[in-house]
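Here the chain labels run A, B, C and D in written order, and each chain numbers its own residues starting at 1.
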């Protein structure tokens, strides 16, 4: 089976992952209309390609908050990588480092922050945080991440409660007993019942910033109003995201929401996007609409499911080649 | 079979109900395009979700004409509940009371108003009325309903004649001999041939209001012009409805008609909606567009078909949970 | 098999007609996109139904150029009715008379004008004309029609050449040897090779009007510019038509073209429409957009194929009932 | 099998060509959305047909840069015709000459320019050029073409790199050993690795014009900005093209891009189009939107695959007949 494009990895993962794991990664909320819109929306956007420009040298490098990465595609935070590959997030970290891009490690990793950090020393890593009811849990996580050398803190702000994913309910999805949410071990018992705090507001950003000197990126913004609030709260970055369509079904596609966020931000902070990236030309569309970088979620998991670290590198290389080619062809 | 969402109840009902009963409940007029549009129209509406709001306390209670209900979803008037469950409307009444919401009992019930009232003493019940050619029939029904403690009168205004539902004609649909339109017993013989009066106009609202002190709600409004007339006639509420797409095929989806009605009414009376509600986020969309409450028709029947009173409660609980979650996720 | 709606007759005809005949009647030009658009366009049009109007008396009668018909649906000119039913156009004429509506007999009938006229004495009949290269043929036809009591002359203006209907070419369609274009017998040999005159222009309308005192109706107008020209030439009526999508593929649906024609005409002549009428509510949509009457083509042939005169009456009765009901339900 | 329309030739070619050849000809970049849009976009365009115009004489001849052709459809440059028919481009040249239209021979022909020229002496032929890294290769080709009597030079400007065609990668597509890129023999070894020069810019147009007195046509323009630049550089013609959707997936359909190019050019140079032409009415739509002529790519290959020279003539004749009929029917 030739792995030519990201859909090939998707087909592989669907075929070889246990159904319960595939369903979990693939799940969208309710009717999955937002999940599917994330992809369909790209197809409605057309380029205005220019010709006869010197495209012999294409520089696809960029910077995330000042740090160089090899091309504007990072790894979005997703949980439970051991469901896709035995080494889990350690493989993810290694692949991201090998490709010289950014990996956003999830609170809900099946490897600990220490393991992730040690797997790819010197790699650009950000840490994704949920705010727990027990604030000490979150505080402790932030401080661990900072001490380990993570270089950014991504606050996921669209999950006061977990979205309704029908297949997960039908499957009775839960992490297999031999996997653990290692970052929460010990703490987890304390706050098992709805561990996340749905009362978090913009005021908690002050508290969060008081814990750390790491730059703060807010993930889950879809409106200009929230973009303005984020800038005013002094964040360093915004990820336009609908959580892969896993939270509120009926939310807009991220590529459709991007323009109003970019316009509201007016360059004051960096704007990123995740959701629906399947081709290099999708990356180019997002950048053309103002994103500084995009992040991939499910495609990274498909890469892991295919061949772990190596498979994820394959996915990133394909996107890199496609992105470079799209830039050349669009002039 | 896990009952996770309303579609699961639909699949169950389609599988286990007699075809003639399923067809009757499912029927739309002509090509069923309005019936289907009722659902499709929701999918075209996108939220603008807000984040980082304190959603730890979500109050989903509301009031219908001053009376508390647990959440803004009531039971729309539909006929012939014994086709779905032996206890018929008595089960419906019990489920509505158990869930603390409003049940609009149909003139075409297979239980009498007395049975319905007795099944759920103290529950919030409205009575749905058609105006018969023989006005005494209608007058008698209104007075019985008022005497029994029904708290609202819903006049269905979009059925001067019955819509053309092809499957019912093919099936030769009629009520099985052991079921009766109990509210019309005795009267029914008198006016068997087209018992409803197609000459009813706004002037008859005066007559109707003279019969009772109950608040009057008009069901079947789809235009601002009729909304304005309803307000001027002194009604207390409007249900934006196309009769589930069973009357005029080509009528707009109710969620599409809602905005112009709400705008015309300018808060002078309460505006409700029925048609196409299948998820909690549909309820939220209707409320965001100005409805005070929505009513479910077919999903209630699917719940009855599944497990009677208990099944309908399941349906309502699912909608309640989904609605609460949607509110939290939309901020 | 219950015949509940026009689609039932379509299914019957498709099943029981010889393939070559079905294909001929069903044919559209090229990709059949205009043929299909004729139908799809109705589905995009929504009513604004009004309620609580006295619809106990619905008068669906109308007049065509001053002559009463029972409801605003006539029989469009189509050829070769013997392909559908042995008695051919004689049955069509009888059904139209029985239903008290207008039948537009085609030049390409398989019965002669004399037979058609004799089959339904006193019925309202118009005669459809093509202008032949040999003008005497056309002149003779017009004078025969007038002498026989036909009350209108319909000039088909969108067939300078025959559209490209792929299935007819594949099938090698031609009239079976035992059927004849009886109106053209004798003449036909003369002008076998492209008998119609593609050089006809608006100036020929003068000539045509000089031949007869019959009112003249132009069929095939789709633009305001041609509507204006038709009015100036002194025609009495316009049929908005794209020849059932059989001529220029890519022409607009007739219901989409109707509004601009009606607006241009400003009531100076009557405007009719054919193409895509399948339900009573389609008739109502066309009338709401300004048509005085519509004509059915293929559905009439399906009716003939079902049971000849009786089948066509069934089709007309269904449309009549559906139209009356739609009027009542739309208020 | 009756060959009635171009789709019949497509079906034939798909059935009888080796899969690897069919896939190569059919290929679009990435998801093939631009390839498919080229066709779908025509279906969204509607005519405004006029009637009662004298269409007895239809003149479909036109001129390309002053040279007469029999109708406004030429043969677009496509490579590797021997994959479709043993005689390859020689057959193409003969068919074009027989139909008195223009053939644009590709640099990537499997016959040499000398063979192509000799196959159809006196036929209108243009030569399509890529600019190679080794400019001498290109210079030599241009001078050979001019010496052989080619009458125009078409510079393909949208292929700095080859688009990503998934099936070709999966198939490991390469030219069979017995076929050669005869125009590049000798040179090809020199520049095997990415032989084309991605650094070409508008400035190179000066160089190209210095090599030859042939009129220059730029192929691959999709925007008004590039159209303006092309006119300023003194080209004689523009082909609005997205390379059949084989280069940048996400580029607009050519028929959608045509209007802005025509408007920008304001008649200063001739504007042509390729991509998606499948019917005579597509040709008419392109001309109505301002194109002087269109070119067919894949349909020409289907014709070759069917019966070589004769098959391609069949394709051209069908288009010619359909185009003439569309003109008549559109008035």
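Of note:
Operating definition for what follows: a contact is a pair of C-beta atoms (placed from the backbone, for glycine too) under 8 Å apart; a residue touches a chain by one contact, two chains touch by 3 or more.
Chain identities (UniProt): A, B, C, D = (S)-2-hydroxy-acid oxidase.
Remember, it's a predicted structure, so these values are computed and weren't measured experimentally.
If you take subunit B ((S)-2-hydroxy-acid oxidase) and subunit C ((S)-2-hydroxy-acid oxidase) together, no chain is in touch with both.
Matching CA atoms, the turn from subunit C ((S)-2-hydroxy-acid oxidase) to subunit D ((S)-2-hydroxy-acid oxidase) amounts to 90°, rounded to the nearest 5. For the self-contact between subunit A ((S)-2-hydroxy-acid oxidase) and subunit D ((S)-2-hydroxy-acid oxidase), the two sides draw on mostly distinct residue numbers; the shared fraction is below half.
Subunit A ((S)-2-hydroxy-acid oxidase) and subunit D ((S)-2-hydroxy-acid oxidase), compared by their mean Cα positions, are separated by 43 Å. Our note on geometry: subunit A ((S)-2-hydroxy-acid oxidase) versus subunit C ((S)-2-hydroxy-acid oxidase), Cα centroid distance of 61 Å, whole angstroms.
Those residues of subunit D ((S)-2-hydroxy-acid oxidase) that touch subunit C ((S)-2-hydroxy-acid oxidase) in the shared complex are 2, 4-5, 43, 45-56, 279, 281, 285, 321-322, 325-326, 328-330. Subunit B ((S)-2-hydroxy-acid oxidase) meets subunit C ((S)-2-hydroxy-acid oxidase) in the complex at residues 30-31, 33, 157-158, 160-161, 163-164, 166, 169-170, 197-202, 204-205, 218, 220-223, 225-226, 229, 242, 247-252.
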